[in-house]
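The next part holds the structures, each set out as structure tokens.
Look at the two complexes coming up: subunit A is in both, with subunit B in one and subunit C in the other.
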Partner chain A sequence: MENVTGEGISDQIERFQTQLQMDGRGRKHRILMVSDFFFPNFGGVESHIYYLSQCLLKLGHKVIVMTHAYGNRSGVRYVTGGLKVYYVPWKPFLMQNTLPTLFLTFPIVRTILIREKISVVHGHQAFSTLCHEALMHARTMGYKVVFTDHSLYGFADAGSIHMNKVLQFTLADIDQAICVSHTSKENTVLRSGISPEKVFMVPNAVDTAMFTPSPDRLSCDEIVIVVISRLVYRKGADLLVEVIPEVCRLFPKVRFIVGGDGPKRVRIEEMREKFSLQDRVEMLGAVPHAQVRSVLISGHIFLNSSLTEAFCIAILEAASCGLLTVSTRVGGVPEVLPDDMVVLAEPAPEDMVRAVRKAIDMLPGIDPQVMHLRMKKLYSWDDVAKRTEIVYDRAMQSPQTDLLERLPRYLRCGAWAGKLFCLVMIINYLLWCLLEYLQPTEGIEEVPDIRPVHARLESVDDTCETQGKGI
Partner chain B sequence: MPGRQQAASETMEQERKGEVSIGMYTYNHNSDSGFDVHEIYVKRSRFWVLLSYIGMVFLLASVCQLYLSKEGLSTGSVWSIAFGILVAKCLQYKPVKKESVVIMPTFGVQLEIHFWSGRVHRRFVPIGKILKPLLNECVTPVTCYWSLALLLRDEEELRLVFQKSHPPVKMLVPVWKALCKFLNSGCQTSSAVSEPNRSET
Partner chain C sequence: MNNESRPKWRKVAYGGRQPGYDDNHTDESFLEEMVMNANVVKRDLLKVMIDSVSISQYLCIVALVVSTWTYTLNLVIDEVTLLKLDTSLLLAGFSMLLLTASPFSLKLLSKYVLNTSFFISGLYVLAPIYQTLTRSISSDSIWALAVCLLLVHLFLHDYSGSTIRPPGALNNPKLTSNISLNASIVASVLVASRLPSRLHVFAIMLFSLQIFLFVPLVAFCIKKFSLRLHLLFSFALMIMTLGVTYQLHHMFFILLLALLVFISIVCPYWLIRIQEYKFEINGPWDEAKLCFDITE
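The block that comes next holds the complex of A and B.
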């Protein structure tokens, strides 16, 4: 459990930062976060990018987010804290992903990199095509690149094989990579063949100020089990269909609240009809993120039935609200919470029922307020930002390489794939030369820095770097 | 040495006149006859004009060859005409000579587009309709550029001040400041983007 409590992490961070300052490398970075997944879309990746960006802004770095347009939300937008977001008018074509074009995104990526004077490009999520393309273009232009993998993938099915090859291409020439759990790190290293020394483990966190427990302690006369997740196969909706009726049969005092929507919702509703559980299983449908806390605090136990999970922010949010968690022992989930805050089970109905029984027995000893305070100490976005800052510093230290030095790295990606990747990079380099000729770097206007909102609100001796405003 | 002195004196003369040149754009400002006139001149690229003429010649040659030859309409000739039209259309240089903003005290703002053909397109925006001038960052699928727009009362869309050209922000700032001063809207003059437009779509 040493990894979970984070003991010694702050000391390591301080020591490394002191070392960097002594070396003169503890500089302020200008970071471009790139992903297809960002607000107004909601999810783990979106939250991670948003909160990390906010904390990096507080640390004095400049952060820009680049994503695709969402409906009529296109162009430049400013969100909380002066975070600038480029909603590039490329329409998504599948699961919020832009169409993979390889080279067509180069002009806009190049323009943003130059006009915002970016020093580090940080891509998020292996499934994001915009992320892969932006990292490829950034490497062609000689920028330092960092990649964060938020998910676990398989090795056997056609989709995973294809995805892993794309990941291998992106990570073949990367400065640093980040994974959200040790399991995720192991998975990424196996899938992409990247050197483990280049991969850092930086966990997710939770906004504990947003997820606070109910001031009044709930009565244990009726036990409420809360489920909030997308009702899809990967999130174990089929497992819920078997677990809920059995738990209801064994424990007459138990009631379920199911929040979320998806293709498997029909199966849960059919189960509810079949076992006549309409009065004991409440279906809420899709729950807006702002209302998640109000749903969580109405329960005692949080049930997570995911079949694969790299980290699972949902159980952090539940624990922060003071709920005891019952979860499947998959992926990075065992690394997330201490043993006395979670009951783990194999992804099988009988084991899940056994775990729920154990959780019900543990309930009298659970104090939501104490649990919330523990979560506050364990997980903070400020800590995540400081650890990510170290990764950026490491990336900046990596030597500058030219195209000829980088091509052999792609050749090692496979007999045919290696040659194809080399060809793609050569074409990309030639395209860059053409763009430099058609629109020279000097012709692209640099954007003046806007002082972050928090720097304006806080005192003059604030640690945030005061940025110039003039053109 | 004399050459450098001459260049410096030319620059000083330009600045005195309120004239600035960046790339293909030249900004000129004058306040004669009581009106505040801001002009952006667009230089014609000789290279593109030449290519456009070559396209036109190619198109004419294709048509003439079609009429003069005794054979019927072949696939090749259709394709060559289509290609000629495409070349002529694609390489047709922008016909805009200059765009200007005429600020008329107590009346409003007149936006003018002057074409090389001599045609002038004028749009008048009364002072009562203008809420605020805005400096926006526009994002297209391939590039980003600055634009100056007017936020108008009872209109959903912004009115672009320079419709046909994308002059650099250094040229837009003085026009923006002049519009702010004219409207007395209390815009900060220290920076063009000190208060970014948060509602830009």
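The block that comes next holds the complex of A and C.
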């Protein structure tokens, strides 16, 4: 009886998955990615949007990116693979974030949605003003919306309290949400009150074609530990100041390479002077992303001392280059790699030194080429795109709702905030009616699809990683 | 034939979608590492009331200063009496410091005396400037400004410590504590500038600075020395202050009494009542706290 029941359930799940895959393959989505963060700015969110968009294009979907202007880069640009990017003429005013205008982005968002015949709007990053506003406008117009959260936030400080309220507003009426780790999912569910069933865990990935090990295996005559991160408090630079002298004292053949710049760089320089480690701790300064691989392959161990991470792509890049990782056990880091590829430590100097010792003991058993091949199986942007496609399918299946059905969701956000949110959405709805009157949908010219690009894409046999080299 | 059940779900991000589970899978391990109210301290009413005595004590001290200012401005207290009061306060303060200081040392005493002598000399030389500082400003503005500065002083004051650190103290004074001290000194200068003679100005300035600079240090040392002595000193101070203000102004007396009752009884009770609404969440998503001090 148990076997029959188990098989039944498995069969049903298998059929459901097959149907999902078939549905995914049959129906093509038209996705608008929205964030304040995109190239030429560089970071984890930027890479995520770019690689995800490329792989979705490869799957046959149409992808548009919307971001604000970066310097002179304003207007419409086409990047690799025919990815269309709208650099909206909106100036950033704080850390690449646009000024929160609440309603002023509605006309241009509406125009883009109609011109490109968008079916799903995908916002990225809780700290992106443009993302929140675009999702709000898209919901008002009845589009399906998906949100990806890339960071962890606390609950106690004033900034986090405010951001959590904004997130609660945006996610009150979201179709689906994505987080990059299970810890990040728990964090987002607590901060916004969204139902856990609506949140998918789709991790980041790494372009393994860009991060390959050195052809020649490094000798273990001296052990090189690589650190590449911004030298700020949140990345644990103060922890490095305590750990590096102790490791150098205990292991005479250890050498450090520290890449990155930031306010705490002076402290590390002072540490070098104080302990006379000029010949054993090399400071590179800011490392362009194109040179990260050449720095990584010159080391045996990658050291990550972050105090908070939702995911940590740097660890993936190091593992793809064949490095053994030593990392603090914070946020989503324990979920990122199998136990034999990473040594975790509490964010305390003694435990970090202990983890470095353990990593040095494990080093003879590490083969960079084997590790690289394992990374190719563990993470790939193709897999991320397929899983995101399932999220889009799930979003498209959710029922259509109008304003009256959506207002109670905002009302539940709080005694005062709920009413305020309802007021905002009602005004937004009236604004939409006004825009429909001033500039009817029928009068907006739709953009024709450029078939040759897709045709050319579909004929290419390369994996998506190849596209990454064309940035 | 297929006897395999689906493998157990793991909370990991690597390896792609886990077979048999959707990416939005949520099981009983969701939020299992969440800790609520880990740092909440259960408070006792009596303990909170005893802790609030520091605030009441300092409120009485400031009330005494205001009373003295008022008497002096009304010329009830002349400069000779004020100078005697200054000398008495100075001697009493030094005696208390020496009694409560664990390692008695003559070097410490001589250091104190030397610093105080320099301070008093400088103040005497500057007294004529203080006297004429605000001659062109109307008295209404002076009183309003002095009251505002005293309120700033009371709100930003460091009640758990002392701005002037005793020897060997580790922490630096906070910014708010410094602002508070400066506000009180400016208020003292404003009041002193309304007195007729130079000696009067010197006497009242010395009195005010002794109170605002010296008394918190003495009170802090007393509190560290003995809690019982601290409570005794505080209650004696309260009684004396209430007596002085009763003679000065009945409304001021009622206001002060209401404030003392509010601070000593109502606020502790109120704090304990609202403690039950405390809600604090901790988990693996929190930013890690470093266990060592960052020395810049």
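Note that the second predicted complex is superposed on the first by the 429 of 471 C-alpha atoms of A that agree within 3 Å, B and C clash if a C-alpha of one lies under 4 Å from a C-alpha of the other, contacts with A are read in each partner's own complex, and residues count from 1 in each chain.
By our rule, a residue touches a chain if its C-beta (ideal position, glycine included) is under 8 Å from a C-beta of that chain, and two chains touch if they have at least 3 such contacts.
If you're wondering where the values come from, they're calculated on a predicted model, not measured in any experiment.
**Q** After the overlay on subunit A, what do you see for subunit B versus subunit C, clash or fit?
**A** fit
**Q** Using the superposition on chain A described above, determine whether A:74 touches subunit B (first), subunit C (second), both, or neither.
**A** first
**Q** Examine A:87 and indicate which partner it touches, taking first as subunit B and second as subunit C; both and neither are also allowed.
**A** The answer is first: A:87 touches subunit B but not subunit C.
**Q** Of the two partner chains, subunit B (first) and subunit C (second), which one does A:285 touch, if any: first, second, both, or neither?
**A** After superposition on chain A, A:285 lies in contact with neither partner.
**Q** Given the touch rule stated above, what does A:108 touch, subunit B (first), subunit C (second), both, or neither?
**A** It touches subunit B, and subunit C stays clear.
**Q** Touching A:142 in the superposition: subunit B (first), subunit C (second), both, neither?
**A** It touches nothing on subunit B or subunit C.
**Q** Between subunit B and subunit C, whom does A:263 touch in the aligned arrangement: first, second, both, or neither?
**A** In the superposed model, A:263 contacts neither subunit B nor subunit C.
**Q** Which one hits more subunit A residues, subunit B or subunit C?
**A** Looking at subunit B versus subunit C, the one contacting more residues of subunit A is C.
**Q** Nearest CA pair across subunit B and subunit C in the overlay: distance in Å?
**A** Superposed on chain A, the two chains' closest C-alpha atoms are separated by 33 Å.
**Q** In the superposed view, which residues of subunit A touch subunit B and also subunit C?
**A** In the superposed arrangement, which is not itself an observed complex, subunit A uses no residue for both subunit B and subunit C.
**Q** Quick check: in the complex, which residue numbers of subunit B touch subunit A?
**A** 23, 136-144, 146, 168-170, 173, 190-194, 196, 198, 200-201
**Q** Which stretch or stretches of subunit C touch subunit A in the complex?
**A** Touch list, subunit C to subunit A: 2-3, 5-6, 11-17, 20, 22-24, 26, 30-31, 33-34, 280-281, 283-292, 294, 296.
**Q** For subunit A, which residues are in contact with subunit C within the complex?
**A** It comes out as residues 3, 6-7, 10, 13, 152-156, 176, 180-184, 186-187, 189-190, 196-203, 234, 236, 238-239, 242, 267, 307-308, 310-311, 328, 330-332, 334-338, 347-349, 377-379, 383, 387, 390-391, 394.
**Q** Where on subunit A does subunit B make contact in their complex?
**A** Touching subunit B from subunit A are residues 72-78, 84, 86-90, 104, 107-108, 111-112, 115, 439, 443, 445, 447-448, 450, 469-471.
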